[in-house]
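Look for chain A in each of the two complexes below; its partner is chain B in the first and chain C in the second.
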Partner chain A sequence: MKAVKQKHIEEIQNIVKEGRVLIDKSDRFSYSFDGSFGTFLPDAVIQTKSVEELAALVKLANREQIPVYPRGQSTSLSGGPLPVKGGLVFDLSVMNDVLEIYEEDLVAVVSPGVLTSAVHQAAEQRGLMYPPDPSSSHVSTIGGNLAENSGGPRGLKYGVTKDYVIGLEVITPEGEIIKTGGKTVKNVTGYDLTKLIVGSEGTLGIITKAILRLIPKPVASATVMAVFNSLVDAGSAISKILSAGILPSKMELMDQSSITAVENYEPLGLPTEAEAIILIELDGHPLALEDEVKKINELCHSVGAEEIRIPKNKAEEAEIWRARKLVSPAIVRIKPTKISEDATVPRSKIPQMCQRLQEIRDKYNIHLVVFGHAGDGNLHPNIICDKNDKEEMRRVEQAVAEIFTTAVELGGTLSGEHGIGLMKAPFMEMELGTAGLEMMKRIKKVWDPNNIMNPGKIFPEPGQKLELS
Partner chain B sequence: MKQTLEQLKEELQYEKTNACVQCGYCLPVCPTYMTMGKETHSPRGRINLIKMVGEGKITDLSVLEEPMNMCLGCRACETACPTGVQYGSLLEAARAAIVKRKTFSVPVRLLRNAMFKKVFPSRQAMTLTGNAVWLYEKSGVRKAAHKSGMTNKLPYHLGAFEAVMPQAVSPKERKKTPDRIKAKGEKKYTVAFFTGCIMDAMFQRINRLSIELLAEAGCDVVVIQKQTCCGALHAHSGEMEEAKRLAKQNIAAFEEENVDFVVNNAGGCGAMLYEYGHLLASDQEWAARASAFSEKSKDISEVLISCGGLPNLRSKRKERVTYQRSCHMTNVQKVTKQPVELLKSISGVQLIEMERADMCCGSAGIYNIVNYDASMEILDEKMKDTKATGASVVVTTNPGCLLQMKLGIERENLSQSVRALHLIEYLAETAGIS
Partner chain C sequence: MKAVKQKHIEEIQNIVKEGRVLIDKSDRFSYSFDGSFGTFLPDAVIQTKSVEELAALVKLANREQIPVYPRGQSTSLSGGPLPVKGGLVFDLSVMNDVLEIYEEDLVAVVSPGVLTSAVHQAAEQRGLMYPPDPSSSHVSTIGGNLAENSGGPRGLKYGVTKDYVIGLEVITPEGEIIKTGGKTVKNVTGYDLTKLIVGSEGTLGIITKAILRLIPKPVASATVMAVFNSLVDAGSAISKILSAGILPSKMELMDQSSITAVENYEPLGLPTEAEAIILIELDGHPLALEDEVKKINELCHSVGAEEIRIPKNKAEEAEIWRARKLVSPAIVRIKPTKISEDATVPRSKIPQMCQRLQEIRDKYNIHLVVFGHAGDGNLHPNIICDKNDKEEMRRVEQAVAEIFTTAVELGGTLSGEHGIGLMKAPFMEMELGTAGLEMMKRIKKVWDPNNIMNPGKIFPEPGQKLELS
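What follows is the complex of A and B.
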């Protein structure tokens, strides 16, 4: 890897005609962070809407072995866009002007800087739906979602980003512009490079266009809130519902610490004495919904639910979902630093995972809050701490490591949706095994022989450890 | 100036940056991020720069200067922020730290001194300014200046504002503004009216109408002579000591009368008054008095609604109206419903909310004067949304916004079909008070 020199900057400035090259200190520092930890200063930040200019820049970077980091809006929680080895940050959020909906094909064509919420809106205006719904969707770019294979509450029923991408335009690390897939849902021509790029966290190339699949928007929805006196019972209720042939669109869990935190933040009348609540959203035909709500009511009672609340109108429904939305902001009022993990386990292991998390909490004496997309096993154990307290942070590091090990032991994974990035790289081998990781490294080597595309991510450096303090 | 990092941290209120988790939730609401298109001009970016200085990673404070100067201080980011980052305090602290270390060129220093320490705080000087505006108009100089194209040569693009300056009040009329006026009908509250330096100098008429409407709604109104400028322009420019001095003067002045509320009609001043408690929180002698004052401080729309609104508001013809919110009223005072309620109570009026209604118009104190081009880019965005409503009246609740929206209308060549008015002017018009 080589350093960026003045002559490189000049060459870059000559290539970038349609956009701008930022080299001031204030600008470089402003692209040195993401939603996780650490500050890494890039040498220059490039903003251009021109795919050709970007491709030319990648060619230059590849020739000179200068690192390149694709970046959306830097909401990554795993260090994905951080310029860890200096070099060039490509701010792709500026590529936000293509958003075409093809109603007859049930397809959307988008440029990477379009906000996820803009895709949602455009689809909905035509009675369609783009299901992946990360909670950051009003800020995150679709390019970032594709690179991280993001998901959200609706993942339970509808799947995640990768289930809705059928074609891409990509600049390879050698500066070639290629197209993968196309506008048809069925496509078996050769290897599925689309799916390889999705979730590759910007390490295999830069996504410059995407073809997304849309579905008709469900006509109605209904919400149920179930209150439990035991976290494990709540876990059982989730399994019961899912095995009774009901597939809710969302199924979210909040444990006692998150309920209390929300109530302290904004009193919404939540049951603070309960050990857990589950929030369920169903969608589909109104008649079917009525029936399913009844069934859920019975099932929850049969496993010992304390109370079932069914909102009487849309306002009450919104109130219930507001509670879930407020968990994140509410818990950081306890202590300033939030380590947001998203270890995920098979659905049937949710009660066990809940149990183990409580043990980890007590063992390391940390403030652990559990909430998240319980229906698909994607819990969000969040550790609330203070990064200025070095001793506490060391305990947190150990607890995080143990959460990962536990998830993998239970047949789950390090990350359900936030990605590996920088933070989780040290744990890759534990989940994938030496050979599994080696295959991934080989793929990377073939795509990116000079290792210029988002280096330092996914694959651990020798001796790399999780460092939060 | 030699000092330790610890001192600098304290000066910048570094610990407040820890509340920022860099989630980016503030990006979509920040007008300067939208128009300037880089993180350097986003709330998250600005907070990060302050953090970097506090951590010693940036040692040269001048790196902060442009990003902090280009911030509107509209504080939409605070409303959007899920973790409650106190951006307003961070911005003020950063600006104060920059100002403290900066050696302004002699003319700029003299001008800053004169404006901040002599003109804004002095009622006499501001009255004089008001009178000068009047003289400028009446003497025909305005016309002559217009004709000769001289207005284009005014510094800081002041020429652009020339066309939208309000009709000034003559010195004689100015004197006529009463000190005390009695409630019409049953008395509901006793209130003290906060005149505000710019409002008083340039929008005397709106102040007079405000007092009349308050009386109409059932308030005994007093105008306290010893009051002074609220200090907002000082605080936003990093002149914190002067801001505190003015705050104390106002608090003491208003303590002399026993009133239910201190009423203002300018969103920007109102926000400053609302924050006196905060501003003087670490001043033992003043903290309690300041928060007592802040609690009493209300926007006029709040008080009119508390009085039960105004009866019989009627517009002469059916009119489409849109409301350009004052950022400081929305994001600091959190007064959002009352102006809308008042507008909806006027018969014959159809209120059409614009897209991005909460977005700043780009006026932001004196931002439109010192950062003219940046401000106009934001105004152009605002005018797109304004035009889309098809409204013929744009209502505002702050003098700066009022001038800016007038300027926007002028720039779009819409002055034949669209008017910008202060809420008070429109209420008075539809109540039949002139």
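What follows is the complex of A and C.
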């Protein structure tokens, strides 16, 4: 890895005609952090809408072995866009001008800087839906979602970002512009580079355009809140509902700590004495929903629900979902640092995972809050701490490592939707084994021989450990 | 590429303790063809259920540079399993002993030799569904479906095989056993090797186990047949239905040639004077279906449907779908050779594609029948001919090449669901471009440095042309 020299800056400035090159320290500082930990100053930041200019810059970077860090709005919780080796940051949030909906093809074409919520809105205006809905969708870019293969609550019924990407325009690590896939849902022409690149966290190239699959927007939706005095009963309710042939669009769990935190933050009348609540959203035909809400009511009561709340109107419904949205802002009031994990287990292991999380909380004496997408096994254990307290952070590091190990032991994965980035790289081999990790490294090496695309991510460096302090 | 020598046979026989090694010419002949063209005799055929034995054989083959051809039931229409360079065929249809359903996890674990229809049945017995349903599902193995990323009529609503594979056990081309993905729907730990290997047509490794995602089985289904005197009106009906927020599980098109062929084969009372019929299947909640059938009736009439048939009972419903199933057997009665293509276009281009197909039919004076999965743009233009008629086959070759070019010109793809295999390799670069194809080749090279896994497939050899005679 080489640093950016003055002669490079001049060459870069000659290439970038349609945009800007930021080299002031104050400008660069704004690009030194994301939603995770650590600050790393890039040597220069590029803003341009021109794919050709970006490709030319990648050719330069490849020739000179300068690191390239593509970036959207940097809401990443795993360090994906951090410029850990310096070099160039490509601010792709400026590429926000393409958002085309092809109604008859059920397809959207987007540039990477478009906000995910803008894709949602554009689709809905035509009676269509782009299902992936990471909680950050109102601030995160679709490009960031593609790089990280973002999930969200609707994963249960609709899958994740990758399931809706059918084509890409990509700048390879050697500066070639390639197209993968296309506008058809069925395409088996050669290897699936689309699904290889989506979720590769910017290590295999730069996504400059994407073709997204849309679906007809469901005609109606309905919400149910079920209150439980036992986490295990809540888990059973989830299984019962799915086994009854009902596939909700969302099934979100909040444990007692998150209920209390939200209620302290903004009183919404949540049942603070409950051990868990499940928030369920159904979508589809109104007649089907009516019947399914009735069945869910019966099923939850049959496994010991304390109470079922069915909102009477859209305002009450919105209030229930507001409770779930407030968990993150509410818990950071307890202590300043929030470590949001996304270890994911097979659905049936949710009760066991909850049990193990409580043990880890007690063992390391940490403040742990559990909520998340229970319907698809993707919990969010959040540790609330203070990053200035070194002693506490060491306990937190040990707890995080044990959460990862537990998820893998239960047949799950390190990361359901946040990505590996910087934080989870040291744990990759534990999940994948030496040979599995080796096959990934080979792809990286042969696509990016000079290791210029987002270097320092995903693949652990020798002796690399989790460090949060 | 090296041939198998006597010393290799002895070493192979020493490795294979739990299965059989077939070397008689008559045995090997049964493994020399598939559902496409050409016969190629392998040097030996291996049947074993042992993953360790298969891995040891791959190590041997890699050391000695002997080609390895994995194979299921060989229903491939693109030449996927043909042992074009001799060497070893691995008959994975014998690995049919694992078919486990994990109801609470909504997951199935299967070995590659299990028939796809057996997966369907096992899931349905538990109130679940494995959605991908290639037309060959009663005879094809799940392993073959995985290798080719099979589609089928339900692609419209439910996607393709790949969308339901969340984990694999794979023998790499160097004989290592790796695991990819797992039992969780959300998993972003490293590159998505699962979706890279599914659909790679046996060129990147041998799938020895797969974890499939299941969904709750829809409670009910309904069928509608719509009859049109114009192909364009049929296309409009499809768009109208989708824009109305209705997402059928199947939307199949049959043109006049296919209607007539079926009616001559087995009189089912089909409207032989119609230019096209659309067969629609809906699934979901019974109350929703009732309403959607009514809407489809209105929408089809509004764009000029001649007639709508709604079956009164399950027997009438079965008869409608039987008509669609009979297209393939019916058309081979016209002439002995059937070339089944699967060029796929964006949904909105279906009427244009139909128009172009009629022009190609007239230009080359061929017998062309068009049917297929119109709802997702995946048509099946079938050419009926006689492979012994050299002059006719040359016209057919030109027509096939023009079908491919047309699909790509209309923004579509060479292959929606049959795979590239041997037949479409010469057309890869036209769709992917030089740089795109190069990035695929790099993955092949670095995973399989000795090119032993299914050599001769996907990637065109210098000067390779389509040959059907």
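The rule is short, and it goes like this: the second predicted complex is superposed on the first by the 469 of 469 C-alpha atoms of A that agree within 3 Å, B and C clash if a C-alpha of one lies under 4 Å from a C-alpha of the other, contacts with A are read in each partner's own complex, and residues count from 1 in each chain.
The definition used in the following text is that a contact is a pair of C-beta atoms (placed from the backbone, for glycine too) under 8 Å apart; a residue touches a chain by one contact, two chains touch by 3 or more.
Since the model is a prediction, treat every value here as computed from it, not as a measurement.
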| Is the arrangement of chain B and chain C around the shared chain A a clash or a fit after superposition? | fit
| remark: Per residue count on chain A, the busier partner among chain B and chain C is C
| query | Between chain B (first) and chain C (second), which does A:Leu287 come into contact with in this model arrangement: first, second, both, or neither? | reply | second
| query | Can A:Thr223 be said to touch chain B (first), chain C (second), both, or neither? | reply | neither
| task | Have a look at where A:Gly436 lands relative to chain B and chain C in the superposition and call it first, second, both or neither. | result | second
| request: Answer with first, second, both or neither: which of chain B and chain C does A:Tyr191 touch in the superposed model? | output: second
| Who does A:Thr39 touch here: chain B (first), chain C (second), both, or neither? | first
| note | Apex chain A angle, CA centroids, chain B to chain C, rounded to a multiple of 10 degrees, is 140
| message | Quick check for you: in the superposed arrangement, does A:Thr116 touch first (chain B), second (chain C), both or neither? | response | neither
| task | Figure out whether A:Glu104 sits in contact with chain B (first) or chain C (second), or with both, or with neither. | result | second
| said: Can you report the least C-alpha distance between chain B and chain C in the superposed arrangement, rounded to whole Å? | reply: 21
| remark: Listed in rising order, chain B residues that touch chain A in their complex are 18-19, 21-25, 27-28, 37-40, 42, 45, 48-49, 52, 57-58, 60, 63-64, 66-67, 82-84
| message | Touching residues of chain C toward chain A in the complex: what are they? | response | 102-107, 127, 148-149, 151, 155-156, 159-160, 162-163, 172, 176-180, 182-193, 195-196, 198-200, 204, 215-219, 239, 242-247, 284-285, 287-288, 291-292, 342, 344-348, 373, 376-378, 411-420, 424, 428, 431-433, 435-437, 439-440, 442-447, 458
| task | Within their complex, state which residues of chain A touch chain B. | result | 22, 24-27, 29-35, 39, 45, 47, 73-75, 91, 94, 115, 136, 138-140, 328-329, 332-333, 336-338, 387-388
